[in-house]
Amino acid sequence: MMIVMRANATEEQIANVVEIVQANGLRAHLSQGEERTVIGVVGDGRPVPRDQFAFLPGIDRVVPISRPYKLASREFKPDNSIFKINGMRIGGDEIIIIAGPCSVESRSQLLETAYAVREAGAHALRGGAFKPRTSPYSFQGMGEAGLEILAEARQETGLPVVTEVMAPDQVPLVTRYADVLQIGARNMQNYSLLHVVGECQHPVLIKRGMSATIEELLMAGEYVLSHGNRRVILCERGIRTFETATRNTTDINSVPVLKSQTHLPVILDPSHSTGNWEYVTAIARAAIAAGADGLMIEVHPNPATALSDGGQSLKPERFAEMVAQVKAVAQAVGRSVAAAHQTVPPTAR
Amino acid sequence: MMIVMRANATEEQIANVVEIVQANGLRAHLSQGEERTVIGVVGDGRPVPRDQFAFLPGIDRVVPISRPYKLASREFKPDNSIFKINGMRIGGDEIIIIAGPCSVESRSQLLETAYAVREAGAHALRGGAFKPRTSPYSFQGMGEAGLEILAEARQETGLPVVTEVMAPDQVPLVTRYADVLQIGARNMQNYSLLHVVGECQHPVLIKRGMSATIEELLMAGEYVLSHGNRRVILCERGIRTFETATRNTTDINSVPVLKSQTHLPVILDPSHSTGNWEYVTAIARAAIAAGADGLMIEVHPNPATALSDGGQSLKPERFAEMVAQVKAVAQAVGRSVAAAHQTVPPTAR
Amino acid sequence: MMIVMRANATEEQIANVVEIVQANGLRAHLSQGEERTVIGVVGDGRPVPRDQFAFLPGIDRVVPISRPYKLASREFKPDNSIFKINGMRIGGDEIIIIAGPCSVESRSQLLETAYAVREAGAHALRGGAFKPRTSPYSFQGMGEAGLEILAEARQETGLPVVTEVMAPDQVPLVTRYADVLQIGARNMQNYSLLHVVGECQHPVLIKRGMSATIEELLMAGEYVLSHGNRRVILCERGIRTFETATRNTTDINSVPVLKSQTHLPVILDPSHSTGNWEYVTAIARAAIAAGADGLMIEVHPNPATALSDGGQSLKPERFAEMVAQVKAVAQAVGRSVAAAHQTVPPTAR
Amino acid sequence: MMIVMRANATEEQIANVVEIVQANGLRAHLSQGEERTVIGVVGDGRPVPRDQFAFLPGIDRVVPISRPYKLASREFKPDNSIFKINGMRIGGDEIIIIAGPCSVESRSQLLETAYAVREAGAHALRGGAFKPRTSPYSFQGMGEAGLEILAEARQETGLPVVTEVMAPDQVPLVTRYADVLQIGARNMQNYSLLHVVGECQHPVLIKRGMSATIEELLMAGEYVLSHGNRRVILCERGIRTFETATRNTTDINSVPVLKSQTHLPVILDPSHSTGNWEYVTAIARAAIAAGADGLMIEVHPNPATALSDGGQSLKPERFAEMVAQVKAVAQAVGRSVAAAHQTVPPTAR
């Protein structure tokens, strides 16, 4: 942390800051420039609280130096975190694709989609049973009945299941059915929830909040890691900006930034980051070209009748075409899409 | 809802959209312009799902017409909602001020602050027992011990207590101690939580999410109202923008916009919306000048040692000066600050 | 400037940075923390270019310490800049109000408005003769004919004239007619234009760009000041954010921030910062409550027929009501609105 | 345009709006819903001014239906605009790469870079002679001497030259030396400048303003097209958002959105859109994967000594590696990078 004094700070004010720094068990290094003094605050490696100092007289600004996360950083763990999820391997050279409908709407809708996405090359199945909806009057998801359908689809297709958990007290229920617990964008800073999923053994997929910085996404990952769960996947899904031509703005920069800052796998969800099926394939290709480790795609057998997010869902045949294009781009950047999921007869699992 | 067709949409595509509109039990009105056709979709008053239509061939855009909230709107209830909270009346002509530390840190810190803010003219006491913190390594609040201290401070000073609840399963605990349940900015779209507080009898103060639109804030209010709880307070606390000179950008426009759209009381928190104690008084004055019904202010007896948000906290003497200035502005706009809380001996309550 | 090295930077990399710092005629101060080294770069007071260093191996970040502006800063000139513009005094305790239509549309429209705003208490007349319009098909302003009408209105009413100049080669023309040269938001970083107006003797009113930071607004002021023109007024007019309920987001925080950073007068334009006449009065009151030195307001005798920005224009009678309310708020914050312009018979001027 | 009436609008108010619509030579279509009336306004194809209506009593909102641009739209011209620039063909299947330093700093720096980028496969040379700089104290460019060096480099290497023009009165000078006139991001809404370049015969490259919407970028293109110049290239260069991990946020969505809305060539500048050389190659690959027609890249032989933007410049050898990677991605999406520029002996040109 660097404390920048005002140009007109008095010697007493500078001495006072130094004294308080030292009273906190930290060391102070003075740099006296022509215009102003800067005090470097050096600690023992733990993050130093900025707020205490901001208030002291004579201070202009407090500038953080250390990153506020540790377990999530590449400096802490230089190699990529690679882990297996029910047969799917994520974080290595092979790219994985998670696909499925926004919401579980019925047994037939989900099974039809699950077979279709497996056929097209998906490695895991997504689908929401609990849906965070802006309106209290919108479809809120099927709840546990939806989880049962997801488990049946896994049984039938062998695809591991990714589904959202919205509240700490839902975690025991959802872990009974799901392979990966998804933390939705609106809950990225729901610390009660992050705490609980950090204590369970299931892999966690954290979606970036729509106004969360990359650093805050890493801090959300750090929450989960710090409670003992090491299997965390980070997902860019678009941020909120002034641009209204698309629902969100895909922060494609976040892909190389995250890959340089963290060892955790990084995937991108172009369905939400564009909000428009017409742009999903182009942005899926871009994500892989930028270095993402995977994709999360909304697919619906009949988007026009979807109970949520139909406008951003691909039909199965377009999804298959997208997978083909993504494979070509993956090869161009020296990677490959993981082999299609092997059809395993339910009895053999 | 208006469906805007592409300029080159075919007659078949237009007929197809009309058919699907009607199949959904809605009526379609065609406006054929020189360049393109627009189809007005008319329903029975319930919100019409946009997503279903966005995908149909030949469609350029779908434009919503109705507001997605109803119970929160002035069209539904033209007069201001005014309600009492343990002696404090909010939503009428009189302005109320909620003040206290960011976090409850100790019995002495809280009691000292509670007496000081009551002395200076505050009408309610704020203080966090459960703290949503970006870092898992930061102080997370005192938990139930903090709630007990808050209840003691209320007992001592007579000030009603406003405190944050972070998770659905905390609601029963927090309602035992608090007078107003605060939903923090990071939980504004935590629908599980909004649902539960909507079912309880305590007034709810909802802070605007840092990237939530005004409409989304109203939708959060609608969630609570739709579950039966009619005592909802909305709080502007700054939004996230590109500007970095202040922690957040106070969206002062939200005050007159909210007051014209909703009957619910609207307050402003200049401590968070600026992030800097130096600007708090100026923005508190501006809030009242713009028409806010109240203020929420961080006050700490010794900001330099605060465990959280010290840099934006006022010392008690500055807070008293702020109250004096706010009173003058309130009068200038034809309102007044509510009378200071009467000291009620604990035994008389 | 502080150069933050990566945690794993080698001693050679650190030595190399120090060497290059010194080769640039600057001094380097090392702070070696537990985790990383920070190098303070100290110069002779002139801004140090950051870009040179960002590229060197082993560097994590470069953090600026000095502010990049000097002449505009309060550290350079602690007292408010106060100056006279054709009888109007700006920057002191008295608040001034600039009012008039968005565009000059005709002689009768402008004269009617000029008399009306003077009657209501305005101190200067605004009106655009050259209009920057998003669409090449929109009304682009009356050009020199509009300037002639503005000059006639000044002759008739005695009100000094504020009007926009859009290009360097328009400056000689506009200075023949106007009292204050306005730099529009879209031209705030048009450095060719800032350079030319910096060399002329007319006061300059700079509107903040819709995505300009407060620091960039101050840098635009510094451009003009650095070319010798000391009469610069800064104007907040709303920034572009994700919020769409209003055309722009009034950055009310910018008022106290600017007043603490600079000695230049600061005014606010609530017509543009809200984009909706219904909210103009509330935000005008807020601006004065927050400490602004003046207001800029769009007034049109018949907004429904205005050729531009009718939706955000006040009718003269509403403007008069706004002035009355602003006077009350000014008093509440220990200031006053300047006395109404004295009617001076044209012949006596 | 659709005029949405308030739920409580009276019949008189509705009739009044209809009357004014008709008085403007437009037709009004009424859709009466359960809750409110919507009035469709139909004209003769020219954009209808919204502002006139926003003010009328009883109106809730005015929603535009037509796009405000015409010549730039795919509806007007369905096929891609393809044009030649001194031997380089842009807008077709072949991708082009423009490369060079941010600023022309010296003859030797520019010639060295020009030869290096041609060797690596660039098709055109960029370099600024007039530099828009935030600080009046920064290097402002070499001016005409820089233009002469650019022309010499073209003579030597055969690469066409792209350089910025900052003011209308610079246009005649710059067109004497340059092949493509660049409009910088800060001047994207400098309408005086757009007007003048629209009247000249040189191709124009318009960089998106850092807070300009995609629609506003298209409107800037429309300005140039509407004055008769049909050779316009649009360039995404990152937008300003709350994220600070990178200098700007690359709006990768803008690539497929622009390609679907306009026939004009679309390129991307990852040097500015990331602000960090480490991320340039990843985002260059992503741009091509998303469908861009070209790239604009900053290259400097010695970034550590660059007078501007060194931190985002690639060294020539890294640039060559980037070109190789971009070629692979181009092939993966069914396109190719245009053949390297043929060395043409100066005498043969």
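Labels for the chains are A, B, C and D, by order of writing; each one numbers its residues from 1.
The rule is simple: a contact is a pair of C-beta atoms (placed from the backbone, for glycine too) under 8 Å apart; a residue touches a chain by one contact, two chains touch by 3 or more.
Owing to the predicted nature of the structure, the values given are computational and were not obtained by experimental measurement.
Report the chain whose CA-based centre is farthest from the CA-based centre of chain A.
C
Between A-B and A-C, name the chain pair that shares the greater number of C-beta pairs in contact.
Between the chain pairs A-B and A-C, A-B carries more contacts.
Cα centroid separation between chain B and chain C, in whole Å?
31
Just how far, in Å, is the C-alpha centre of chain B from the one of chain A?
Inter-chain centre distance comes to 27 Å.
Can you compute the centre-to-centre distance for chain A and chain C, using the mean CA position of each chain? Integer Å is fine.
The separation of the two C-alpha centroids amounts to 40 Å.
Which chain A residues touch at least two other chains?
Residue numbers touching two or more other chains: 211, 240-242, 244.
How about chain A: which of its residues touch chain C in the complex?
So the residues of chain A in touch with chain C come to 2, 4, 6-8, 29, 31-36, 38, 40, 42-45, 63, 65-66, 75, 211, 240-242, 244.
Once bound in the complex, which stretches of chain A touch chain B?
20, 46-47, 49-56, 68-69, 132-138, 140, 166-170, 186-187, 189-193, 209-211, 216, 219, 222-223, 226-227, 240, 276-277, 303-311, 313
Using the touch definition from the top, list the residues of chain A that touch chain D in their complex.
Going through chain A, the ones touching chain D are 211, 213-215, 239, 241-246, 249-257, 260, 273-274, 278-279, 282-283, 285-291, 325, 328-329, 331-333.
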